[in-house]
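I'd like to ask some things about the structure below.
When the chains are written out, they are named A, B, C and D in that same order, and each has its own residue count from 1.
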Amino acid sequence: MLAETIQKSQIISRFSEVRDYSCSLCEPLETEDYIPQPVPFASPPKWHLAHTTWFFEEMVLKKYNSDYKEFNPHFSFLFNSYYQTIGDRAIRAERGSITRPSIDKVYDYRNYVDHAICKLLESNTTKELHDMITLGINHEQQHQELLITDLKHTLHFNPTWPVYEENYDLTDDKNRKDSWIKIDSGIYEIGYKGDGFCFDNELGRHRVFLDSFEVSEALVTNGEYLDFVQDGGYKNFKYWLDEGWSWVINENIHQPLYWKQIDGKWYQYTLAGLKPLKPDAIVTHISFYEAQAYSTWKKRRLLTEFEWEIASDHIPWGQRWEWTYSAYLPYPNFKIADGAVGEYNGKFMINQMVLRGASSATSPGHSRASYRNFFHPQHRWQYTGIRLAK
Amino acid sequence: MLAETIQKSQIISRFSEVRDYSCSLCEPLETEDYIPQPVPFASPPKWHLAHTTWFFEEMVLKKYNSDYKEFNPHFSFLFNSYYQTIGDRAIRAERGSITRPSIDKVYDYRNYVDHAICKLLESNTTKELHDMITLGINHEQQHQELLITDLKHTLHFNPTWPVYEENYDLTDDKNRKDSWIKIDSGIYEIGYKGDGFCFDNELGRHRVFLDSFEVSEALVTNGEYLDFVQDGGYKNFKYWLDEGWSWVINENIHQPLYWKQIDGKWYQYTLAGLKPLKPDAIVTHISFYEAQAYSTWKKRRLLTEFEWEIASDHIPWGQRWEWTYSAYLPYPNFKIADGAVGEYNGKFMINQMVLRGASSATSPGHSRASYRNFFHPQHRWQYTGIRLAK
Amino acid sequence: MLAETIQKSQIISRFSEVRDYSCSLCEPLETEDYIPQPVPFASPPKWHLAHTTWFFEEMVLKKYNSDYKEFNPHFSFLFNSYYQTIGDRAIRAERGSITRPSIDKVYDYRNYVDHAICKLLESNTTKELHDMITLGINHEQQHQELLITDLKHTLHFNPTWPVYEENYDLTDDKNRKDSWIKIDSGIYEIGYKGDGFCFDNELGRHRVFLDSFEVSEALVTNGEYLDFVQDGGYKNFKYWLDEGWSWVINENIHQPLYWKQIDGKWYQYTLAGLKPLKPDAIVTHISFYEAQAYSTWKKRRLLTEFEWEIASDHIPWGQRWEWTYSAYLPYPNFKIADGAVGEYNGKFMINQMVLRGASSATSPGHSRASYRNFFHPQHRWQYTGIRLAK
Amino acid sequence: MLAETIQKSQIISRFSEVRDYSCSLCEPLETEDYIPQPVPFASPPKWHLAHTTWFFEEMVLKKYNSDYKEFNPHFSFLFNSYYQTIGDRAIRAERGSITRPSIDKVYDYRNYVDHAICKLLESNTTKELHDMITLGINHEQQHQELLITDLKHTLHFNPTWPVYEENYDLTDDKNRKDSWIKIDSGIYEIGYKGDGFCFDNELGRHRVFLDSFEVSEALVTNGEYLDFVQDGGYKNFKYWLDEGWSWVINENIHQPLYWKQIDGKWYQYTLAGLKPLKPDAIVTHISFYEAQAYSTWKKRRLLTEFEWEIASDHIPWGQRWEWTYSAYLPYPNFKIADGAVGEYNGKFMINQMVLRGASSATSPGHSRASYRNFFHPQHRWQYTGIRLAK
């Protein structure tokens, strides 16, 4: 009974903490910043705030509280993330067109739902409910990271280089060590182990055989990457995958996203505004194509996600998502959950590459060695970096 | 001296009146409404408010006031309408991504410039300055109409059918007369005549020969147009121009823009929200392709812009822009002004059709019989309608 | 009776002459040349040969000869030019994919239909039949010109610069006179007059009022146009219509179609292969956008189609199609014929500009002062040139 | 000495046999069939015949025969498969526009090069030369399969359903067994083993750990797949990957490529013409998306390429390429050869899925258990099928 009370108070407190963190991320914003969606793959802050709330309303309150009165019937339609028919899909690229409800109403919506969730958690202490709340918390944390990276992407379209927060984005990697760690060959276990939360795509723990390999303790820096740029890395077909080269040519790519060369000097757009490029900082906003081309130029290679997971005990990580040369595919015995929750991860297991680690934008308490992040090889608006192997 | 004083006070008062009217159009807006640009051809309210101000700063204050201190050097770049190089063009489709300056700053900008203009008009009473102010006033009026039509277009993407103003958009044509007016053949003069303001494309007054024709006193109504829809007008190739039919097929067009059929009943999105379709109201948001197809189905034809201008003395007009079957081409002896002002109208004399008249969204005092409006034949987010001839 | 015999023999002889001329145009071809269609707007020689035959089979033999046995039921589908539904449209861009029937079979088809037509003309001497045969002859002549211009366009994709005929395309304008002809103002009659053949779009003869103007006796030469190129004509926005400039930028246009600069020297692809550019030859393969930009740079203007028609008595013409600054629109009282024949010209009266005159590729006996040719403003694979007015 | 003579005669005979086989595949063609390229991903027969010859001229004769006189200097440009700059890439989609050289000249080219190769092989018996000839032979065999599948794709655009050969494509799987084979868990070796020829992507033989699994002895049939179609498989989002569903919707996919439903009955376009669908034949022309959706509907899964390679000893295979749920990625220790030969396989290791097995169109002697074929998940013009695992 006491244990239950403690657990109840813990989940309420965790829930509130994560929900509040979303709002705190938006403190530096002006109302106008909540709205635009310049590209289909990134969503506006208003949408992130509302959609994460929708999850709790739709997946929790409507299911576990029979007295629950919907905040606004339109919201269920407006803030659902994922529809299967054409008409509704159009909505996805049009999130930035939806001015009403205003952001004030969205904050009201958050308060209303938060209150209802906390009240529900007081009375219902089943594992089923707690699991769903935990999924919602983790879902919200994923959107917290997207909120920051999407926002950065939107703000960079503004030629006046808006500042989100004066001290954001300016880390330097002072303690980096330039050594190689050797991992022995053998049969290893891969996938989430433990009784905490993990996503379905981490399950199906299984054995893989790995040959021995060496992994760099440090991530590639801006300075090292600049050598590649200045050595003509973006002009020489031979370093690139065929589709990577098409991307370079068709999209007119000459440097990492957010790098600018002005009067011969290099700058980098950060959430603290436009800043001179720091050579010792970790290079970031790199596509898989760029990571692969850099590694070829450097006569090294990227790790597989399995190598990374095994190496993770021996290397510092968590500053940048690290591209692996593994495609995002189901683990053996991967199982898709029934219903809407099951549409979550398995649907995307094609044409995407796995990233491991975490980044400075990852929410506190949301990292694990078994976490499988994934993006298309051309995308680079996340905080993505490069770790080499040999 | 007295005359000058009167004229001075008249232009200041006209300037202030038109500038205030822009702001009054925005009173019903929420901050969020000022931002989005879902389609490249329509601009956000914030941009209209800032760009019209930019015109006075760039074309007037910087030229006629050597002491003028720019409000913000970024604005000259952000709110220019028209650039000739590729990089800058991209900006056009990205107006909706620019969240900063906030709308409050834009209103500050307006006040700052308005104050400077009024002060300038106190001391400088040259015809050259007055002409440029007059051009700026007319330019702002054009953007007032676009502000409303662009806003309507943006709001209609919202499936909750936002209301701009409860009483907007609901006119009914009670006094319409169903008669035909006959115009005799002869040589007529076309183009602006008088000493007021007109745009360069109305000049080069010249003679045309017209055969006699008959023109409908009334515009086509929703009810009449619905007959066309229900007679399979959108399903029968034979009424349509070849490119009009491609448009119908490729864009999946089945009815006028903003018409919706819900459970067998017809509705129309208006700035007062979604309303039942009124059969006696004038049909609007019609593309040239639809106007032409309707006229073919009805065994009538559209007027030329020359016929319209001559007929305009004999028909009521001003409720809806009326598509003519005249391409937007230079009048004989059309002259392009030097410099940026000259880039205004002549640049667009290809692939567009002329509309004559005015609409309910046209600003007060901005209509003339010689006014040449023009849009591409597929566009229909303006208040456009159909008048038949035979 | 004798008159009828003479007329009968005349039409048979005219029919045979025009049909043979199509075949003679193909004599220099290899079998492979009959097939490709690299761009949707140009058709392969095989298709032209078959489609013109289809016209006689479908519009004449099936209607006027009840005993007629179709050559091959598939051909009616394969070689129809124009369908109103989506599925069939796709066919248009896929003419180059249709390898069967082989070209031998198409020649058999031609012989079969020619024989049947001649036989029919022996027995049926009605005006209705003669009119339809005449329409078919003129239709075939239009396709003869397209056959040559489409072929040139296809061959120019081949980096080995294939030769169609050693002496084709190499005319020089030796006798050009550099003078201006003045035309007085007045009311003029426009449109076809006479009792010969004309297309429906030339009818509706009507009066127009023209101000006086001066027209150049000569067309613009390669050398004159080269001055425009070398003066930065393709790099300066101010000479171009807005959509013309977009075309220049998006399509990466730097010179007329078929011009090549190799090692600093200018060449021109002709049907006789790649040849050094002749400065005194008439410039050709010019889009409307280029013609308009050139005239602006030269501080002249293009003629309207009405001015051209009136001036045509006083100037030499027929070497190149001449862009006018008139949109292709219906004449007053333009009437669309019933049925499939009526789908011919009126359907295209939007977004196209009128060309007047004729070119070296126009078939013998197919030119008239009232002839209205029309193309979209960006197209330039026809033999198009520039005549200036002031 | 004798061994060398035998080996020399063997390689000459193998070379001649494979080269002749390419020509024999083209025997049923008409000249016209050699030309078109309706889609960028498929090439015309003429190009396949010339490009495979170019390989021997460029990679062998120019390198190993200092006296060699090029057949035609243009051909080196025209028939190269792969360029790294934009300009030349355009050429890829324009292979179907190149009418000259005629096909007769291409056969002359083949004879000329074959003769020179055979002569070279008489005098030069180095392993280096033999290896390069062997690579050229295998390269030609790959193009033989593409020649057939590309041709089928081109012919199917023709609504008259051309016949390539009366008896092609009509196999039925009479002896199929409906049983499941069990494979034990363990560490297995993957990759080519032996001293014959293999491609670079099969090398880097390495160990993998596999859990036990069961594999179907038979491939899925038309009849079984039709059950999926008739159960609404193409209408239900839940069976499909997210990008697979977008493909179904955007490309309007309702059944396998080449299936047609006419008057309620199912047909299949084959190289023998349009034929009634055979329920017992193996289903083919399936995309990865379809294979994956079918397996989900069937509550089974696809094999990984590693499972397939280990299972290949226990199942009949070679009738259809089998999609695996493995992305095409480098094996550990994959090494890219230097120079142009090295651009072969590694460049494509992104966004493609591995197929294992072989098909009826695979050339004799060109199959191996370790062979890694690969295509994008939406492609289905190859003879691709489905094998299930559980």
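By our rule, a contact is a pair of C-beta atoms (placed from the backbone, for glycine too) under 8 Å apart; a residue touches a chain by one contact, two chains touch by 3 or more.
Remember, it's a predicted structure, so these values are computed and weren't measured experimentally.
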Other chains in touch with both subunit A and subunit B: none
Between subunit C and subunit A, distance of the C-alpha-averaged centres to the nearest whole Å: 58
Averaged-CA centre spacing for the pair subunit D and subunit C, given as whole angstrom: 44
Gap in Å, rounded to a whole number, between the CA centres of subunit D and subunit A: 38
Overlap residues in subunit C, where contacts from two or more other chains coincide: none
Every chain pair meeting the contact rule: A-B, A-D, B-C, C-D
For the subunit A and subunit D complex, residues of the former touching the latter: 84-86, 187, 206-209, 211, 237-238, 241-245, 249, 288-289, 292, 325-327, 329-330, 332-333, 347-351, 353, 377
In the complex with subunit B, residue positions of subunit A that touch it: 30-36, 38, 46, 74, 77-78, 94, 96-100, 102-103, 154-155, 157-160, 162
